[in-house]
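First chain A sits with chain B, and in the next complex the same chain sits with chain C.
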Partner chain A sequence: MMGETLRNLALLFIGAALVNNILLTRFIGLCPFFGVSGAMETSVGMAGAVVFVMTLASSATWVFWNALLSPLGVGDFLYIPAFILVIAALVQFVEMYLRKAIPTLYRAMGIYLPLITTNCAVLATATEAVKPGFFKMNIAYSFGFFEMLVYTVGVAVGFGFALITFAALRERLEVAPVPGILKGSPMAFVTAGLLSLGYVGLSGMFGL
Partner chain B sequence: MEFELVIKAIVALSAIGLVASAMLAAASRRFHVEVDPRVENVLSALPGANCGACGNPSCFGAAEAIVEEKIPITSCTAGGQTVADEVAGIMGVEPCAVAAIVSMRHCGGGRAASKAYDYSGLLSCIAVARLAGGDLTCPYGCFGYGDCARACPFSAITMDDRNLPVVDLEKCTGCEVCVAECPRGQAGLLAMAPAEGAVAVRCNSHDKAKARKAYCPMCCIACKKCEKVCPADAIHVIDLLAIVDYEKCTGCGQCVAVCPPECIDLAGRDAIESAVRLDGRGPKVDGFVPREVVAEESTEEAPAE
Partner chain C sequence: MSEWLATFRRGLSIENPLTILMIGLCATLAVSTKFEGAFFMGLAVIFVLTMSSVIVSSLRKLIPEKVRIPVFIVVIASFVTIVDLSMHAFIPGVYNFLGVWIPLIVVNCIILGRAEAFAYHNPVRLAIADGLGMGIGFSMVIMLLATIREFVGSGEIVFLGQKLVALPSAYQGPGIMLLFPGAFILFGFMIAGARWVTWRREGRVVETSQHCTIEEGAS
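Presenting the complex of A and B:
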């Protein structure tokens, strides 16, 4: 029984991080994917901040969903404004708290926190965490809190992993002999497409 | 029209909004951080290039450190005197003089120096330095692929037709980014010197003079002529290389005139008015002779000495 649960959680994590990678198979959150992937340093910072914010945001929206929106029966059409409200307030709060309590962490994440506030990847993950399969199919199943946590961390780690691999590729591309017409963003798009092929190729594995 | 649903939606959203605003209001009181307004002012006075020459990660970090009086108001070498004066004004202290430093290149070889092999990889000094120590025979000289020029946050460095980085002393702020970027920066190829330093020795080699002459016609030959001619006792051949003591140098330029391989160059921002205000615009620049010709000349000259 215990082994079965662990196996399911591991599959959930891998499915969220790799097979359904939010950036490269679902193409959600592409603006930071292209925006901050120019340098390794910034993308590592962004990846850390995303793991942090996504986990917090999804936990908060999960609580609001199960305590308020779902019992009232208004969740289906109200989830976007409600989640945005919760996430924005939460990120603001965390920013204030960090600034006071852990200034070094605030300095390190400073510019990324507000960037993430209205990030679609965060909203998508929060939505998916309360309504699994929302973007793909309607399945009548809802995560427990722990499952939701594993799922969210999986998505965030997948986001960070894709972002950092892409940043490494782009740093290498900087010095590669790319034809003049493709230099810069065009080449980044081509690279993202090829990288995405690799991730799409994972679908169907482990029955995911 | 289900009024009940509308009411529920309004209630739910207002409830979330109320909770969030109450939480934020409490947080803004509880986690209030006093920010010294001088930090903003100092930050706007600083150049904002985040070059890191002051030892702080960014100009914002430097502004904070200045306001907290952890580092002196003259810390911004990049900004120089004007920024120091402005910062002194904001901090309400007496302005004081900044000793400006600039980057100085200690190599005059460029295209004229002989190559160990033909390199056709990435056009970057760091890349070539990792391939068997570089394509230059001289283990101290400039590769000439321009990493420093690309790295310079103030675009003060350009590569000239000798394949050597030329520092525009008007733009150079002494931030040392080029020194950090240069694979031979630690070995003294690019080094900081006072902005008024009137002469520069364009050689960094500590090899035996004979070996040096074999691979570079522009090198310091350790003949000590400059040492003998200097009236201020400011230039000395130490470890087979002429070194200028800028504390003593008066900028008379006699060593420049006497140096047989024209390895000593006029430099300096303000010292000699007649010197073109560029690092490395010394005697040889304009009609610089390509490698083959120079090599022949140097072999002809060598026995005569």
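Presenting the complex of A and C:
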């Protein structure tokens, strides 16, 4: 019984992080993907901030949904404004808290926090954590708290992994001989295409 | 009037949100596998962008600087909810295809970006021009991308159950056009093409600096 649960959680994690990678196979959160991947250092900072904020945001919206929106029966038409406000407020509080309490951590990822508020990856994962069937994953029930946590961390780790890989590729691309008109972002898109081709190979793994 | 037209035209050409400013990419690449999905996505963005520009611009003297981002988000979220519920009621097939991308219009950088960069500082008249121009510029690119991907990938273009164009059934398209890598690669070449055209015509290309960022301490 215990082994079965662990196996399911491990599959959920791999499915969220690799097979259904949020950046390269679902196109969610592409703006930071192209925006901050110019340098290795910023993308590592961004990846850390995303893992942190995404976990907090999904936990907060999961509790908010199960304690308030769903029992009151207003979830279906109120979830968009409600979630985005919960996430925006949460990020604001985290930023203020970090600035006062843990200044070193704030210096490392403070500048990425406001950017993350309007990042679609956070909203998408928060929504997905309460409505798993909504996103065509092969899971047609609602997550318990622990499953939601595993799922969210999986998505965030997949995000960070893809971002850091791509940043490394782009640093190499800087010195590559690229034809003038394709220099910069057009070539970055083609590279992302090739990277995502690798992820297509993973689809169908473990029946996910 | 010429100012209105100039503002309107900027969104279509030299400041096109997708090919030049490169904001709001996620939805573009994801829903462009089908022409009808791209068409309704474009309509939804035009509606939300224009309406939220009008509201933000008419309230711009009342919204305090400090809380402007949450106010923008609430205004945008209300219009997105209208779109979400209407699409669910009238075109359920398209609604299911677009799925997560409808709620995600809230965080589409084009809309928040235009509210912040344009509508908050300009009169309603110009905000409408900007909203329409940017929205139509977005729709043109996403529809072009979807037309190429659906036609080359599957050999036919289906719109609300009707086949608009169809190649003989012996045609076997390259499946990669319908997958994720195809979107990235095709879009890369589209940006290069758009850059070349603006460079030839205007002699300059707007540098792509706007990346879903809000200036520090803004929110």
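Note that in this section the second predicted complex is superposed on the first by the 203 of 208 C-alpha atoms of A that agree within 3 Å, B and C clash if a C-alpha of one lies under 4 Å from a C-alpha of the other, contacts with A are read in each partner's own complex, and residues count from 1 in each chain.
The rule is simple: a contact is a pair of C-beta atoms (placed from the backbone, for glycine too) under 8 Å apart; a residue touches a chain by one contact, two chains touch by 3 or more.
These numbers come from a predicted model, not from an experiment.
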Do chain B and chain C fit side by side on chain A in the superposed arrangement, or is it a clash? fit
State whether A:Ser185 touches chain B only (first), chain C only (second), both chains, or neither. second
Based on the superposed arrangement, let me know which partner A:Pro81 touches: chain B (first), chain C (second), both, or neither? both
In the overlay, answer first, second, both or neither for which of chain B and chain C A:Leu123 touches. second
So, A:Leu194: does it touch chain B (first), chain C (second), both, or neither? second
Quick check for you: in the superposed arrangement, does A:Phe34 touch first (chain B), second (chain C), both or neither? second
For A:Lys100, using the defined touch cut-off, is the partner it touches chain B, chain C, both, or neither? Pick first, second, both or neither. first
Vertex at chain A, arms to chain B and chain C: angle between C-alpha centres to the nearest 10°? 90
In the superposed arrangement, does A:Leu72 touch chain B (first), chain C (second), both or neither? first
With the two complexes superposed on chain A, say which partner A:Gln92 touches: chain B (first), chain C (second), both, or neither. both
Return the chain, chain B or chain C, that is in touch with more residues of chain A. C
Chain B and chain C, minimum CA distance [Å, superposed model]: 11
Across the two complexes, what residues of chain A are contacted by chain B and by chain C? 77-78, 81, 85, 88, 92
What residues on chain C touch chain A, complex-wise? 22-27, 29-30, 69-70, 73-74, 77-78, 80-81, 84-85, 99-100, 103-104, 106-109, 112, 176, 179-185, 187-189, 191-192, 195-196, 208, 211-214, 216-219
Please give the residue numbers of chain B that touch chain A in the complex, ascending. 5, 8-9, 11-13, 15-17, 20-21, 23-24, 27-28, 30-33, 122, 124
The answer for chain A against chain B in the complex is residues 64, 68-69, 72-74, 77-78, 81-82, 85-86, 88-90, 92-93, 96-97, 99-101, 175
What residues of chain A sit close enough to touch chain C in their complex? 24-32, 34-36, 77-81, 84-85, 88, 91-92, 111, 114-115, 117-120, 123-124, 127-128, 134-136, 181-182, 184-190, 192-194, 196-197, 199-200
